[in-house]
Structures are given as structure tokens and as C-alpha cells.
């Protein structure tokens, strides 16, 4: 059976984030936590494949104990199992350290429930906002990555090939890759489903599996948490845009204003730069 | 996982490495069909400044098929040395072959800083490479600098774009960052400059590449604000989706694109790909005309680096005027059509500076 | 359909529903708690004051863990004139220990309370709307929700779906409220620094105060309120819907008016409005209480009109009724009977409880509110009181005796003559004393 893993992260609802002016840190207190928006699209795509081909869907997340709630939500939508890797030692991880732990987790998931065919990640998180964890996980698992996928065109279980549409700045690329692959999901990929009532009931009783560092005997403690994170935030500040001296143009008569503006623009280097002359 | 292919073990940290040999700032040039993305030249422009400050060479890496021309272009845009890897299987971007080339060049030639555009491909590639090396990677930078200890200070929006954060990587080399398009300025193209060209062999057996690019469909209607020289942007003041056709007319007359504030986008008047600002596109056109936009800080940070800014707003207290080189206080529904007409007239050469407007065939078109 | 059967399904995770679910789950019943909000309290509003006694019966010393805002040590009533106020208040440090009541915010409180029910074992089913009562003949056997496979079956359904109880209507125990049976309350939560609140209201630490406001409600029957929270102020006003209809005034206009009043303006100056919301309050009281139990169902809290309009007590009646319904359900499960016979014990319990006694005492208030000329009670009399006190305290050379006469004249004139004034007094007395 297909085995699909979905990586999710619980993030603070960005609409409600504030900055503490004294400490310059994120005020998380009282900010509701939600599942990272793009990750839900990854989950939905996995569930669609499950509906179509039959699959085992395992959700994994590295985060604080409170992320159990997010994992339950995934179970309510139809995920089979949910694993939370949670340990104080993981705290403060940047994308390098995060992808290490997430990749270890996926390997352990494979030991338990069999080899994984597709790993789904979100395009990026709302708080970390890097889009680096997905490629990092693919790299550590040594599997191919298909990032920014807006459509999963086909999955051929015979040839073990998947064809997707990748969204780029200037167009759409059709790419075919061999399983196993890691896919990062865009919002265009699908519309996440609403959990059914039986799903909600299952989730309410479901106890996510929690793993700590102790569950990873071979884990390299130099590669996790703050210690395993090469990037350092040295300072944060609120940017101030720079202001200029404004030249006001007469505006009683709009045709005159238009002409005056053009006269000014023509007296600059713009016509030359833009080839207006 | 893959029954058919044996996976390699996970990458380890190289802890007690001597990094002193790492010198030079390298920009990975992104291209499609031999045409570079504007962000690559913009990054070369900024990296030139960093390299000069570090007194080290500016390097470029060009990967693709039949991209020799690009290698020369990289020199014209400021690079001292250009590494080029040219091979048929590198024609389209694919993570694995491209990252192998990058890794080879980084390990072989040891740049202390590696920069890429924060494009879809750039983020894809940078994420893979940084993990492989491993090293720290800052995503989506909007400011770059170096300090006395040769540390890269990469600053990026953080916390839902509410702040900027400066991020360092002390532990490893190279220090890596991706940077947003439209934020930095390219150097003027200078054919008198010439760069040393170093050819790099492809690093991967074509057999080993399982990913296949089946095709690429260019999206014509997708707006390209990043590369636009002229942007006419509209905000909530337009009062509805209809008025965007007035802006389109003016933009067409100027040979530019239509942008928008988030308010206009949120109201559904125009698509998100038109949005300028923190949560939209950062732009750096030569001319930016803000119409019915108040000038909220989140909008301004996305367009303040335009060469000339014109603001049209009926409220003379609107903050946008503080950033505008030219301000017109008035009703956009009067001014924008008049401006479009004047531009068409002047550009068709039918108007002397002090003259009367020509009768317009297109008059009355824009409602 | 879900395969699981429940002992009881509770619809609505407000104070009434959570109290019922908590009571039952703690006794080992298999309970589902259904709430349409994203989480309990997400969209709920109240003033609000949370009282100790009734909730304590359910969760001893709950205040040590519940997210409460401030311990109320000072309660006052302000009677507003156009640019004046007559203030009557009581401040007492003894209200702290034992605490009498607290200010609170539903977003936090409801979430906590429902969380207690969850911890006790109730199964939370949130972001889910109950659309229909499922029946087998006369018997209520479960509910249907707006989710896929959304039917849920249970021996008992407890309706705790609030003032606008859709399900009560389906059961036929509930009709559309008449405009004179409900008031519409609008409320803003206004953010101010903690210290500013303490300074402005003369409070220390976690002390809080409440102000009930009469007058300046655009001549309509209604009451305003202002409560201090940790770093916000709750300011609102509730007005009889019948009056709003008559006067064709928008409720937020009333609140805006109140915010402009010189006495109120100073208290909220510099504050930032964080949320604005509106909600109905049942005002029918005793006379509007529906049938409370039937074959397989009970109704609790606002859905049963259990609000003491005069003292603005709703949550505690909700909690008590929820607990009593829960206890009835537990007894019913012991004997295995869920018919009217068994569940009517709940009706009896309500009759014997404080809910019934209090609501009965004030049964006449509703007529008083709707008795016709609201402008007399809620505008002219408050103004007269203000004018009277103004003159009494004004030192202008007029002998005190004359002043007293003049002052009485204000009231007489406002009421429309001596006889009317007496009649109004009588009416008020009767309304307040059943």
C-alpha cells in the first residue's frame, strides 16, 4: 500500500501576532495556533491519493506538546496516524536543525509502518517563512524534491512515477519524477476538506504518538535545537521608509496637471532610460 | 523507502574545519532558455558592493545549456570570475543535477558567501545545497551587508512582515542567502568589463537523473512587476474594479504594468499577482505612479526604491506624498485619463510641449 | 452516521452547556459537547460579570484556575443626565475574600469551562452546527449536524444553544421572540494599558469595578454597562428591541452616544477598540420560560430564558440550570428511563432553585420595561434626578426649603403630575417584588 507522510507545523495565527516593543520578540501568548495553511493542502492531497488508491497517511510534526491539537485535526480529516516529536532539546531549531529531526522522524516512521512513497510539505510556514525545510528533508532522505506544486496530474503505481505542475514566476512546468519524492504544496493544489463527524469523534479519542530524543538512539545532539542551528538572529527592528521632498503640481485643471507632470518627467533622465525620446 | 535505490546516509556536520581559505562572493545566475532572470543581475550589483568591502573577488556561477553568452553577460554585470557548467542535461532546472554542480563549485573554489534569487528555483536549489554542505541559509533577504569579521548580515522581513531581522551564520562557510527580486539595483551593463571564465564539468551521470521536465507553459497574462520599468498602481481610492481599466490605459501608454495596493486586492478588484508591498511584490521600476493609494508603510516598503514616484490622491495629507517626487492633489477620475491622453499625444510626437492636445481616436474609450 | 452512541449530547458550549457536560462527564456518562464556534466562546459575548456562588457549587475554588479578569471590589450605578451623572456606588475590600464576583471575557472563560468538561471526558465537537433534532415519534433521539455523516444519537439531548434557540423552535417549545421579550446588546472591548485602567478607576492590582448606567439611551428602555478587565474595558448598552424598532435607531448609535458622554469619554480616552459585537438578551424572564423537559430532552440557560434582567445575571443561572439538568440525566441513566416522567425532575429542581425564586421576584420588570413610555423612565426621570441634585448642591443663595420644592417639581414635571409619579413608584415596587 502507498505510504504517504505529511509534515505539518503548528504556527501562530499571523493575523494576531504582535511584537513586544521591549524585547523585540514575538508575543505568542494568547495568539491562537493554527495548522500552517499550506500544510493543510499537503494533507488534503495525501488524503485524495488515499481516497483514490488506498494509502496509509502518517502526519509528523516537530513542535511543543500543544501541537497535539493540530495533529488531532489532521486525524479528524482522515490521517491514519500522527506523530509528534517533542522535546525541549529541539527548541530553537532553524531550518537545518528542523529538517534533520523531521527526516529522522520519517525514517523512524518507515521502520514502523513501512517505506514511504511521498512526503508532503507545505510551500512554506507562516512563521518561519523560508520554504527551506522541505528541500532540507528531501536532501537528508536523499530523495527527489518537487517544490511549489500546484497540481498533481497523475500518479502511476506501475511505473512508480508521479507527474506534477510546478508553479514558477513566469509559467508552469510539468515535471515527472520517480517515487519516492518530496512534494511541497501550494494553495492552488486543492481545497482542504472539512472533517466528517466520525472523523471528529475518532480524533477526539486519538492520542498522537509522541517521540522525544530518547526515541532516537542515534540522534546527534550537536545537530538539534539551538545548538544545531547555524543561523543566528542578531537583531530585529521596524523599518522606516525614507522620505523625499515632494514637488506639487498645479491641479485645478487636470489637463494642465498632466502636461505639467509630463514636462517634469521629460526633464529627467527618464525618457532616455525608458527610450521615450 | 526506495527499494530500487540505496539511499545515502545523512550528512554530518563538519565541525572543526578551517574556513580561512573561503574567499569571494558568489552569485548563482538563474536563467531560462539562455535569458537571465533580472534578479541575478540585481544580486551581482549588490554583491559587487559586498565583494569590494571584503576586498575579495565577485564570482558568478552560470548553469545551463548553451549559456556561454550568459557567462560573458555576468562579466558585463560585474563578475570578476564566472564558473560555467554547460551541458544538455542542464537545459532545464532540476534540483539534483544543479545542486551537484553548485556543491562541486563551492567545495572546489570555496566562496565565503553564496547568493541566489529568492525565486521558486532559487529557493528550491538553495534549500537543498545548504542542507548538503551543511551551512546556514537566510531566506528572502531584502538587505545585505558584511561586517568587519567578514560575516554576512542578511536581513529579511520577519514575523508576518511586521519587522526586519538580521541573520548571521558564524559556524559555517559559505554563508548563504536568497534575496528578493526588485530590491537591489543591477550595475549598468558594461561590455568593456571582462571576466575570467572557468569551465566546470557536469557532476552527475545522466542515468542518475530520474526527474524529467516534460514541458513549460509560459503564462502570458501573468504580470511581471519585478521587471517592469513603469508601474501604475491603484488602491482603494479607485472605488471599484472598473477604474483599473483607466490605469491599464495609462500603463499601456507608458509601456508599463498595473500594480495595486493590498486593499484593492483584498476587495477582489484585481488579482494578487498585482499587489505591491511587503506581502506582495517588491518592485523597483524607474517610474511608479500611485493612484488612490494612501501610502501605508507596508505598501511603501515595496515600492520606495523606485527611481521616480508620482502620487495622485485627493487627500493632500495622504502619507504617500511624503515619498513622492511629484504630487498631484486631485480626483483620479479626472487626472488619470488626462494623463493617459497627454502621454499618448506626446509619445506619438504630435504635441509640442506647450501645445494643444490632439483630437484622440481613442477618446472616450476608457470607462 | 457515527457508529457511536452517546448517553447525552449537549448542544452549545456556553456556560449552560459546559456545566451540563461537565456534570455528566464527571459522573462517567458518555457525553458529546457540540459547539458551532471555532472554539467555545469564539463569538460569545456578555458584559460580563461572573459570580462565585453557583459555579463554585460545580467546581470548588474555580477562580484559582479560571481565566478571570479582575475581582470586583466596587460596583456603582450611574444615572446620566445630558452632561452630568448621579453616582451611587459601593466599594468594599471585603469583596475580595471571599470573592463575590469577577469581570471576565467569554473568549477565555468559555474556552476554559468547556476545557474542564473535556478533561472530565466530554467529547468536544466544535465548528459544528446542529441543524436538526432527530426524533422517533415524540421522542428526541439525537441531533443532526452540518458535517458529513453528521447524525449523532443519544439517550438525552440537552439544548443549551442560547437565546435564539433554533432547536427550541424545532421542538415547538420556543417561538420567535417578540420584540418586547428581548433586548439587543452591543458591546465594545476597548484596550487600555493596565496601569491606566487602575489609575482611572482607582483600583489596585487585580481589583476591578463595574458601572451600570441608566439614562442617555436615546429615550429607550435600556441599560449601559462598563466593566474593567485586565487591560481592556467592556463598554456596552442593551436596549429593548421593541424600542429600537419604534425609535428606528441603530443600536451602535446608542453606544456611540454613550461613548460621547463627558463622563464616559474620559474613562475610555486613548483606548483602542479591539472588538465590537452584538447579542440578544432574553428579557421575558419568568413569564417567558418555556417547558423545560420532555421525552429525551431538557433545555437550559438562555435557551430557557433564564436571565435575571435586573441584576444582569445570566451565566450563573445558566450554570445552575446546566448542573441541574446534568444531575437529572445522571439519575435518569441510573434507572434507564429517559421519558418525560424521568426528565421532568429537572423542572422540579429548577422550581426549587434560586433561579425560579429570583426570576419570579422580578416577573413584573418585563412589563415595566415594555409599559409604554420608555422615555419617562430612561430619559426624563434620570435627567430630572440630575437637575435636582445639581440644584441641591448649587450654592446660589436660594434657601434650602425652596430648593427642595423646586427639586420635587423636576420629578413631578418629568412624570407628568403628582398622580403619575406615585403610580410610577408603585409600578416599580411591584415589578421588583413579584
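Here the chain labels run A, B and C in written order, and each chain numbers its own residues starting at 1.
Definition applied: a contact is a pair of C-beta atoms (placed from the backbone, for glycine too) under 8 Å apart; a residue touches a chain by one contact, two chains touch by 3 or more.
Treat the numbers as computed from the prediction; the structure is a model and nothing was measured.
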Exercise. Line, ring, star, complete or other: which describes how these chains touch one another?
Worked result: line
Exercise. Taking each chain's centre as the average of its Cα atoms, which is closest to the average over all protein Cα atoms shown?
Worked result: A
Problem set entry | Contact-richer chain pair [A-C vs A-B] | A-B
Exercise. Chain B to chain C: how many Å between their CA centres?
Worked result: 57
Exercise. Could you state the distance in Å from the CA-based centre of chain A to that of chain C?
Worked result: 43
Seminar exercise, completed: Rounded to the nearest Å, the gap separating the Cα centres of chain A and chain B is 21
Seminar exercise, completed: Going by residue number, chain A touches two or more other chains at none
Exercise. Which chain C residues qualify as touching chain A in the complex?
Worked result: 1-4, 32, 123-125, 128, 145, 147-152
Seminar exercise, completed: In their shared complex, chain A is touched by residues of chain B numbered 1-3, 7-8, 10-13, 15, 32, 37, 92, 95-96, 99, 119-121, 123-124, 126-128, 130-132, 134-140, 153, 157-160, 162-172, 210-219, 222, 224, 226, 229-230, 255, 286-287, 297, 300-301, 304, 307-311, 321-331, 334-335, 337-339, 341-343, 346-347, 353, 357
Seminar exercise, completed: Listed in rising order, chain A residues that touch chain C in their complex are 194-198, 200-201, 204-205
Seminar exercise, completed: Touching chain B in the complex, chain A uses residues 14-15, 17, 19, 24, 26, 94-96, 99-100, 103-104, 110, 115-117, 126-127, 129-136, 138-148, 163, 166-180, 220, 222-223, 228-239, 241-244, 246-249, 251, 254-255, 257-259, 261-266, 268, 270, 273-274, 276
